[in-house]
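Shared chain: chain A. Partners: chain B in the first complex, chain C in the second.
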Partner chain A sequence: MASGVTTAAVSKETDRRAAPPKPARSGADLRWARAAVLPAACLAWLLATSAGWIAPGRFPSVPEFLDALRQIAVAGYADGTLAQHIGHSLKLIGLGFLAAVAVGLPLGLAMGWSRIVDAVAGPVFSLLRPIPPLAWIPLAILWLGLGDGAKIMVICVAAFVPNVVNAYAGVRGIDRSVLEAAEMLGTPAWRGLAEVIVPAAAPMIFTGLRLSLQTAWAALVAAELVGAFLGLGRVLNVAQQDIYPAMILVGMATVAACGWLTGRLLEWAERKAMPWHASARSAS
Partner chain B sequence: MGIRYTGHPPMGPGRAAVLGGIGLLGFFGVWTLASMATTGLPRLLPGPWEVLQRAAALLGQPFAGDTLPGHLAGSLSRFAMAYGLAVVVGVPLGLAMGRFRPIEAVVAPLFEALRFIAPIAWVPFAALWFGTGVGGPVLVIFAGAFPPCLLSAYRGARLVDPQLLEAARMLGTPVLRTMTEVLFPAAIPSLVAGLRVAAGTAWQSLIGAELIIVSSGIGYLMVQGQAQISTATVMSGMIAIGVVGVAIDMALRQAEHAVKVRRGLS
Partner chain C sequence: MHVRSLFAALALLCASGASAQTLEKVNISYQPGYWALPLHIAGEKGWWKEVGLDAKPVMFAAGAAQIAAVGAKSWDIGGMGIVPAILGNVRFDLKMVGLATEEGGVNTLYATGASAQKMKTPANWRGEKILVTTNSNGDYIVQSCLKKAGLDKKDVQLVNMAPAQIVTTLAGGQANLGITWAPHIYAIEKQIGGVPLCSGRDAGVFVPNVLVARSDYAREHPETVAKVLAVYLRGWSWAKAHPDEAREMLRGFFQANGVYFDEDSLRREVAERTHYDLDDELRLMGRGQAGASDADQWIRDVAGFMQANGSIPKVPEPAGWVTDEYLKQAKDDTALAGFAARGD
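On to the complex of A and B.
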């Protein structure tokens, strides 16, 4: 398997970690500025739209945004209320993500563990991997139509690759002496897998889970934008056709919030699953 | 008998090639069998040979307004425009963020907030603001390529040896020159890796944008293939996307290597 894949995935991950701003050594004024940026941006939005500096058809004003939010939350928009759209999208994400983990994780572990599995599955995997997940959308629609099945397939394809790549890298990166110790002590295979290999590869596995959750959301939004009956992508799609900027913003904000929340959920699960790794993560 | 955790000894290239061949043979075998099993149904799954023939035909014969190379050229020019824009905006901004704390303090929170929005979710606003011709897709691709550009430049600038910056300051080097001659060269190792990641995300966003709002390019070819229930056309498009994606990645890998060699890093 191409090692470049792994480094790309890893460097994305380090990007993520490098991103949160570190507290400035030079003083409290910068920390203050940092905290003020987002409120200031909201204020600028309020001012710019109410003063008419931004054409109303281009970007919604704050009241328009709140009206749209109320409309979709109470009366519904694009054949459902906000809660229904969110619930539907979350269900698809959950199913696709679980399917990808259920297939990708064992495959990645097996490829990392056994050179034979790697040699057999590696070339097929390298053949299919360059096809971006979103390119599967038309095929998914041809096979499964515009319903839920096609979305789950696309999400599953999208989330599959990071799982395989990172589980593989995780197993390959395990300290050899740990494995040799387990082998020398005569640990049975299933115990070695459950108590040595998976825990040692867990940080990389979780990196894969986080990356695949991100790509899963992107895939879901794209698949629903192409065509759907319910879901957040459908909200965006209908709002685009209605030329309804406030509702577009509501849809984008909701997608971002959902992506953020599921990411936090995964981080929580990561801390629970790897208490020994918690101190390293809480620093970031 | 316990299993060998340390794995099997590295196998020779010959054995690996045989096993890899078995894997590929199995893959194409299952594909062919599955396509033969579904022959009676509407053409859900054309066989590998059929797809290859279709791809070869598309090289010369126009579909959805253009030939396959024509669509690819359209996609690539869109890609180049947006990617170039992301590099030109993201790299200087990232370097400045890494060097000047006040800039970082202002940009980082905004960037962090916006980054939770998937690039593809910009499609409706992109279409509304810039139309579906050139501008809209460029914004979507830009949204995909911009974050890795900015982050790799930022990370690179943070890793610069402070002594170099102090020396530059002591020698009275102007700010702009410090950026171009101290900060930028020092950030190159991080940058080249980030720019390659950015090309991947940009290519991916391009496909998404073309599936949804554009009426030319390789994504549009696939949409049309789907509309006409021509699975072979859709699969040809997927192959073309994969091949071009790999070619872009390889070209950038070469460039990365060349840069590193020239700077004596490898």
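On to the complex of A and C.
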């Protein structure tokens, strides 16, 4: 019975509000445009560096980039091969992100749902929120040592904020009439949370997850600047010390590719979790 | 001797035609380190003008940033550690034109904490975290120390950190072993009670700081490079003749750059390094019959380490970028050679 006003009603309501404006061009046109951007940028890069429009030493050429890629992939660089660095960074990102979701999501939902939790946790969160993740590095090392724990903590702290903010905003943004209908129908509190509040706030929650994942990748490089044995942040740091622009570009491109891939993975999860939602459909 | 020096100075002044109108501009880059003291003294004493130069100091905190600035031609002649100098040659075609100091004695691996005494036995380093600045002189020395102890870098965990972070991490007790260089080693000894385990000297390696010039600049201004070398060497001659004044100059140089020493550390700064006069430089950098100089061999060893680390694709042949031609030019010019030897 309560389900009569739950997922379906909420989804229709959110769908109606979140319906995007009609695109000016067809989806197929845009897909071509998207697919053409990267090859065009690569072609421009190849032309600019081989024609000498960009001075050698200022920006690596395509062959230099490929040499650096071959070096790190085959012989290794900064004490590991590319696969080892990616694997290590993915492990840190995965654990940091999951920890951030495990703490941030319930906190955001609770702050949005309960005025008491908001009154207690809100001011503390507001105080902690502006602290840059980098500032936590010395304390993280002091508390958790030089191992992966400190790096996971820094990533978690960085990724935690978007989860809380978006979950909170998602709950606060739910149409009051939907909540009142659930309450009027006698929906128990926990069921209301699971079947009304979370589904209604889900689009905002997933927006928070996407932002959180991006922030986690940005924090990874900072987290691995100090005391890292492996990882893409270490590659960037060592390449910077080596004044090795081609390797810096390889590191940056790998972070971008990994960030894009994990982002796609999250979009896939979003489509599975909310097949009814417009943003999930448009992502597919 | 005094009369001869006076004549040499006069001849130099005439030769360079030094006047406010004819001073040649040159950008000299260095870092706040002991090896750069002669450049500081030269500025304080007004020696640049005496050789017809208007030298502008360009200061850097570390070699990597100094090298990165070569691309933008931010400086012409400078000094730095051998590791960034090799990178500078590979990436930006820098030329090594002289030796500054030998730093092996002040790059030291320390043990701290309760297990410090136990670490005097190198076999106990196995499995330990060693804090080190990747691709620095310290990295080269710690790997040489491991090799000498019959260990490999895979037997320990080398943790990359900046020198100041190494000190704070050792102080916080998150690791028990760390290698860094002066002045940070004084803090490790005095504030944390660090026990020295192995220095560059102990490992039997030479780690010079060197004088370098941009290739295009050196090609177009060989006389200027020779003059800068003469001024630099005069700094050491003067410091040798006036040790107390030189120590005060060093204190002032460091304080101006935010580095503070106690009396004992300052004395060590001066005592534990080797520096050279013009004849020493020519002997160490001259190739002669053997075809390779002492400096060539030191540089090959360091470059081999950098190649093994993947920092450079191959060891650059020293004959292609390490040259004593500007030192010879200074030696062949009586006025410049006299200037370099002056202790006043």
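Quick note on the criterion: the second predicted complex is superposed on the first by the 227 of 284 C-alpha atoms of A that agree within 3 Å, B and C clash if a C-alpha of one lies under 4 Å from a C-alpha of the other, contacts with A are read in each partner's own complex, and residues count from 1 in each chain.
In this text, contacts are C-beta pairs under 8 Å (C-beta built on N, C-alpha and C of every residue); 3 or more make two chains touch, one makes a residue touch a chain.
Note that the coordinates shown come from a computational prediction; the quantities given were computed from them, not determined experimentally.
Participant: Tell me the contact category for A:Y77 with respect to chain B and chain C: first, second, both or neither.
Facilitator: The answer is second: A:Y77 touches chain C but not chain B.
Participant: So in the superposed three-chain picture, is A:A189 touching just chain B, just chain C, both, or none of them (first/second/both/neither)?
Facilitator: A:A189 contacts chain B only, not chain C.
Participant: Please indicate which partner A:A51 is in contact with in the superposed arrangement: first for chain B, second for chain C, both, or neither.
Facilitator: So A:A51 meets neither chain B nor chain C here.
Participant: Of the partners chain B and chain C, which touch A:W217 in the superposed model: first, second, both, neither?
Facilitator: First partner only.
Participant: Look at A:I243 in the shared chain and tell me whether it touches chain B only, chain C only, both, or neither; answer first, second, both or neither.
Facilitator: It touches chain B and chain C both.
Participant: In the three-chain superposition, say which chain, chain B or chain C, touches more residues of chain A.
Facilitator: Result: the larger residue contact count on chain A belongs to B.
Participant: Which holds for A:R234: it touches chain B only (first), chain C only (second), both, or neither?
Facilitator: The second partner, chain C, only.
Participant: Kindly classify A:I141 by the partners it touches after superposition: chain B alone (first), chain C alone (second), both, or neither?
Facilitator: In the superposed model, A:I141 contacts both chain B and chain C.
Participant: Going by the contact definition given at the top, which residues of chain A touch chain B in one complex and chain C in the other?
Facilitator: Dual-contact residues (chain A): 57-58, 138, 141-142, 226, 237, 240, 243.
Participant: Okay, in this complex, where on chain A does chain B touch?
Facilitator: These residues of chain A touch chain B: 4, 7-8, 11-12, 14-15, 18-21, 24, 26, 30-31, 33-35, 37-38, 41, 57-58, 113-116, 119-124, 127, 130-139, 141-143, 176, 179-180, 182-183, 186-189, 192, 196-197, 214, 217-218, 221-222, 225-226, 236-237, 239-240, 243, 245, 248, 251-252, 255-257, 259-260.
Participant: Where on chain B does chain A make contact in their complex?
Facilitator: Answer in residue numbers: 2-8, 10-11, 15-16, 19-20, 22-24, 26-27, 44, 101-102, 104-106, 108-113, 115-125, 127-129, 147-148, 151-152, 154-155, 158, 193-194, 196-197, 200, 203-204, 207-208, 211-212, 219, 222-223, 225-226, 229, 231, 234-235, 237-239, 241-243, 245-246, 249, 253.
Participant: Enumerate the contact residues on chain C facing chain A in the complex.
Facilitator: Spelled out, the residues of chain C in touch with chain A are 64, 67-68, 71, 87-88, 91-92, 129, 131, 133-135, 157-161, 165, 168-169, 172, 174-175, 310-313.
Participant: Quick check: in the complex, which residue numbers of chain A touch chain C?
Facilitator: Where chain A meets chain C, its residues are 57-58, 67, 71, 75-79, 138, 141-142, 145-146, 226-229, 234, 237-238, 240-244.
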